[in-house]
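Paired with chain B in one complex and with chain C in the other, chain A is shared by the two complexes that follow.
What follows is the complex of A and B.
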């Protein structure tokens, strides 16, 4: 413990410069690489940049387009077994969804209203909540449901809950067994992990079109799009839960001669239950984050009003729908968390308590039946009352706010954009994107080797080769620049705010709700105000990425700072360190693991906003992906751009992951905890994130 | 364990009761009467492409189909590519405002060599115009800016950090027809095309440019509700002559006029549904569309209410569209 504090003192015996070089050899190597890179760039700038016009299509893109057309033709001819299976699956999902819709949201002729209206729905939700998560959660769930109605989005909210519910059930049904298998087999892990990586980093816009072709337009396509992005977390976390079961317990049960099946159902599943519920929670949040994306192919739910607001230039409309999504996310997150805690407590509950609960459940069930009856038969209990109307006043206030931004603020903020872009973004982009491609590639390979070692080097070379092959090198480098610069800002914010939060519970309590909202609000909602402030350009896209990525990074740093043991802090205090020294010499170095994790997550979160950036004026890969989705002549190029994004993601993830592992070899145990979580959340751009591009 | 079993049983009972209850109708909620359609209309699957003018067409036609013909109208928020694809499998019946899209025609229209799942259902009466526009304050200050010959003279005004030494020319949604990169090159203009990537971004940028009196030039189009708020001024490019845009890399002339049309699925056209007759008859002008679009975008009305408001005030037009459906107003 004291070593940390005394180390700098020992250093004074050697010349300072030598000491610095020895202590930070890797930092100096990085510095050297950058200096040499800048020198080469200065003389070769603009050569061999592999720039491609935005409308050009190369042979590689044509091949991808042909492949995609082939799949499309196969899908519409309907002859293949696979296509039939896909159709059957889609029909099945659609019929389940429609059946649920007719109960809760959509009237079936000749009935003018759905079978069960608001009162019955809320009563059912309350009963389920009470059964799985306890009565305290009711205080969150019931007001949340009422808020959906008062905000004016009852039907859209329930539709989104239905879509999310179906997606989560399917994801759990597929994901938990797969996770169990991964937990037991290294081979399966090695095969499945890259697939999960791919599913989580591939921008959804790339597969929106093929999915809607293969599965038809409707709820089924929306649910499958959601599944692709939302299944990986439950798989990864289940596998993690199995792998980290205490070895002692496992050996003890093995010696008792249990069969594999017994061991699974009697020991492993009960012990890993809480972790698996965490996995379901993560999958649920990821599914919710797809609401707006799925709305691009008519996915039912709150994503539609968000897009309506965007298309009609109505900030307020998007915002109110966004608020409903935030409320739903927080409700689901807190309730599943409560359920996971409860799953442990239930086994320890005493007799009297159990009887009480059983009585309450019985009473609740009877109350629910009454509510269902009323809701089915009376208009007042079926149709959500139109007043009080919270939606309209909020909408108007937000519209006024947008107007104020436009008239009073926007002329000032434009200069921030211009200055930042000219003085900082453009020079960095010039270095990365306008150096000859082989120079940039060599520089990244060297950086990878210095930061992450041989494995990082290999991944980097393979990924860069892939990007080169896909013919979008220059655009990929422009995108990479924005991602790196935005991440640098995210990390800076994370350190400043995270340290502040980590050192003060009060600050933490005030800021955390804003972070939750920032993470769960669909990014499309905050696009309009950023457009008003900064106009369409790369800077705007970066701001959107920063807003989306900063909350998770800040939380990670704050938790890291808090994780530094109190003894260490007290020891340092007693040796007379002041506040600044405490932060820079003790707390930050000791939470280095969290800091690296925050960097890694920041990178992946920012990267997941590339497509939204493309809709905000950033051009480059994001634009290509939107182009491919919107214009059938560019499907091949869009696909190439999507794969390039995946390759960038894997490259950045591996460099930072292996770098973090290296840094942690000399770290204390709190660092190891972070490393463990790091493995779970690997390449998961939505660990708790809900808004996703 | 016992507690949990009780819970499960209770939940199952509740669910079963809910289903039993939902199976029997009646009570205070009265069943609806059969609407007054003379022919059976059934479902009308209306694609809703992502711009407000389109919504205006879609909801006016949909509202009439629903209230006069008794159709069940399903609005589907989709973009063009997905909508056309939906003709083939019956998930989409109507695209009610089509801006050309030769690449989709080639894929889906028999007359253009496609698979024949899409057929033309006549013009909407709306005349689409695509072109280069500047905010109105610029026309006041630089009256000759509307002639493309002067664009190079003003290029330095339009400089942004996105375009370096060149002027920035803003393009919009990548789904919309554009020749702008080729135009800039072939007309030797000192501009760089910057892709905003969405209509929202483009509209907000023009709104901001007019508000702050900052220079901006970009791609835009009419009919468009935004022009009622900020009447952008069109720049005259070299006049369009038929065929001048046949080679996309050599285009050096203005965009052609786009008479907007309706496209429907082959199955829908052959179905004999009165809704098809309505869609075929539907025809109005740019002012009509702009009015309904204004109700939706600026007055923030629900699209269905906006459609109702217009339909109630324009019975004569609606009656003309209902000819041949067997229903009169």
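What follows is the complex of A and C.
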């Protein structure tokens, strides 16, 4: 009996240091792992690093090469039913694309010009915009289209829109029914969710090589890769929309004796319409970003001039095309967002308003027909006028600026880059990549256990074993270093800015629009300005990755801080907590689930960017993938690099996801599901249409 | 089955007639895996908590039987978690019962096919929900017409019919409003109108007024009473509010942990609670407002005065009090011309004045 009574008293009298260690046991364990790791590294550095020369090809790579050759042979000889079916699909897509191209961008013999030129295209776009998003969006759409032309990229812009458009239409046609099915069936959800998880963990760049092996390169492959990358959001968000329909309404309407079909068409689709459009918005933004990257496999559109410019060092060209991509991203995002808002207002419009709108639509349709006629028959309305030319002056300015940087200021940018690389990046890289492989592997496995528990450990071991098997260990570790260092900076940034935003509504209101805009940008365009500033190297890819990942991470932390209940904050305040204590003792600890989630998203975003940066001189796995496209004898090694990237992604994702779940579980269970949904929605602003019900 | 000896009509049967509106027989609902295997085994007799611990299943409704006569207002009462909402959902199989039988108007619902069930819901039984369950994207008129719409009625016809019902529940002028533009009370009027629009035989109410504030709740209760007088529909009314149950119900079924605890008229429930649970429930009720003379009279004796006022045994004590106390002679309780009991001033005073006293069994007739 006495022991039971005295035990807590003894605990209360433990020394403060011991208290601290126990309280932050996991942090201390991590610290210990790193210390031991550094100690071992100091003695064993350079042994068993599994470094591979840039041109070496191993047996594993050869096996992958053989597999890809088999697929290519099967594709050309038609010997496999599956490959055949895939190719028929690709042919069909290609014919659709070419048909549309002949209408909008490519002349078909004997016509010297496409069927419909700029005037008709803009009129058509305006009509569609007016119909789905309302007249206000015209103020954005029409100038955007004009800007494509004046920047000198009319054809590339329309091609990119066609690729994106075809992919989005197919993604919606497949994704919405699948999402509806998932919304109704737990079994389907259980089957589809892991697949979607996996698809969204994969960096966009990794999709390119296998798709190009199966479908070759060109428009069809670009559309298919875009389609695959862009489908998950609409599936997830549709399913979410169905699942979160107000139960009361569903039950009440069921009690009236509706059939399944009536339930779908009269209740579910109208109620979930707005959410589904949000899903289409997300899918469209994903499609745009993939369609630009698809330039690597010869996908048509604005990605081409960007890539060309980067390859040839004509940064002005990349920059101008990048501007066109940014304009397109803003245009598509704003228009679909307006469409989702309008979908609710439209049904409530009074009759006079509806009549007015119908009239305007009719007039618009007639105007569009006239524009189409003119555009078909007159050169001035078909070929985009060459002046005013906005593209050339910008291009020249940027080129001059780049030149100036190179000659006059390069010492500054170079010194930033070298200082960072030497003082910070190289030591970490040395630890991770130059320790014997088994030491690094053991260290990561231990970290996984500490952060994410047993499941994370298992995933880590399997992924690391896979990377080892693929013979690219050293390169994988170099890529991993870039990812970890960049993510550390992202998280630091996220905590500073996120806490600031979370604590002040004013700051939030000012910063959030920039973050929203940053999130809609295709990752490719982030690379351009950084490339201009710092040239081709690891550092450029990392900075681009940081900029790409920061918005997501900052938003997550800000929402986490804001999510701490006001009651808790007030209670802490009333007991005399100062500002610093409030942040470190209340708000940050209580939002540590969000912090881990921010880390998770930061890792995946940075990884995807660092890999793309492989073509911009970042080397390592990214370079191997690019090399795989360019040189047919390195396809096997490229594939190995791609799979290694996927394995890295899964490992990092699992460690942090399980860690976040654990952190949330210790807080509350509802926060965990909230966190999961935030991730599912890919952090889009919450669909507000569901709030009232 | 818990029954009290001294209840005058201790029957689950409806009071009159043979054409029952609703008949429920040994209804069970157990939530959880392989729930149907539990009924008939000793496990079925376990308490809710024990069953949950042993099998992971939760009992929603436990072996409930009752009958409802046409035109009757039948109230099911219980605290939250007592299974009353589950019970009412089993009636139209919004929740699939695990075992037992439900008959509506003599038609077996339990084994109805999907299309029969749809027909039942479309034409014979409508439900009003606690949280209204209105379609936010539809105007009031189209919400009310929804039931008619799913029947396949044309737009013009169903809107005309809906217009009529909207007037009936006092929502004239709000046909074109959207649900979120209406107050809670008005939204529930829409819910009521929607249920009435299909002209069903039976109306089910699932705690329809719990989400409303007290004044609106009283209005809506009166509205239901008015509609019952005008339309004479059979109603099954779920509530956790005893006052509401006493006010509306012809008979009251009290549930606890999924099982039937007591079934009787309001005065039976108050005067002769079946057990401590019901007694606890009813202890706050002003008994003189509910009990009739039947519950306070005593056997006539030879020496009783025959000059006192004559009253029916169904007179509420409170209504009888003034006349009884004004007279020097005790009240004579007559039924079908026969003297069946005597009420002394004493008995009335004890009821009216000592409202808070613990209920005693003295006033119960032999």
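FYI, the second predicted complex is superposed on the first by the 489 of 693 C-alpha atoms of A that agree within 3 Å, B and C clash if a C-alpha of one lies under 4 Å from a C-alpha of the other, contacts with A are read in each partner's own complex, and residues count from 1 in each chain.
We adopt the following convention: contacts are C-beta pairs under 8 Å (C-beta built on N, C-alpha and C of every residue); 3 or more make two chains touch, one makes a residue touch a chain.
These numbers come from a predicted model, not from an experiment.
Chemist: Applying the document's definition of touch, where does A:354 land relative to chain B and chain C: first, second, both, or neither?
Modeler: A:354: touches chain B, not chain C.
Chemist: In the superposed arrangement, does A:116 touch chain B (first), chain C (second), both or neither?
Modeler: first
Chemist: Per the contact definition in the header, classify A:262: touching chain B only (first), chain C only (second), both, or neither.
Modeler: In the superposition, A:262 touches chain C alone.
Chemist: In the three-chain superposition, say which chain, chain B or chain C, touches more residues of chain A.
Modeler: B
Chemist: Go through the superposed model and pick first if A:25 touches only chain B, second if only chain C, both, or neither.
Modeler: Neither partner.
Chemist: Which partner does A:271 contact after superposing on A: first (chain B), second (chain C), both, neither?
Modeler: Only chain C is touched by A:271; chain B is not.
Chemist: First (chain B), second (chain C), both or neither: which does A:127 touch?
Modeler: The answer is first: A:127 touches chain B but not chain C.
Chemist: Once the structures are superposed on A, label A:85 by its partner contacts, choosing first (chain B), second (chain C), both or neither.
Modeler: neither
Chemist: Can you list the chain A residues touching chain B in their complex?
Modeler: Touching chain B: residues 53-55, 76, 103, 109-113, 115-116, 120, 124, 127-128, 131, 208-209, 212-213, 216-218, 295-298, 304, 307, 310-314, 316-317, 346, 349, 354, 357-358, 361-362, 365, 368-369, 372-373, 376-379, 382, 395, 406-407, 410-411, 414, 417-418, 421-422, 425-426, 527-528, 531-532, 535-538, 614-619, 622-623, 626-627, 629-634 of chain A.
Chemist: Which bits of chain A are touching chain C when the two form their complex?
Modeler: Residue positions touching the partner: 246, 248-259, 262, 266-267, 270-271, 344, 347-348, 692-693.
Chemist: For chain B, which residues count as touching chain A in their complex?
Modeler: Listed in rising order, the residues of chain B that touch chain A are 3-4, 6-7, 10-11, 13-14, 17-18, 21-22, 25-34, 50-52, 72, 76-82, 85-86, 88-89, 91-92, 103-104, 107, 115, 160-162, 170, 173-175, 181-182, 193-205, 207-208, 211-212, 214, 226, 296-297, 300.
Chemist: Which residues of chain C touch chain A once you look at their complex with the stated criterion?
Modeler: Going by the criterion above, the answer is residues 89, 92, 94, 117-123, 126-127, 129-137, 146-147, 149-151, 178, 180, 191, 194, 198.
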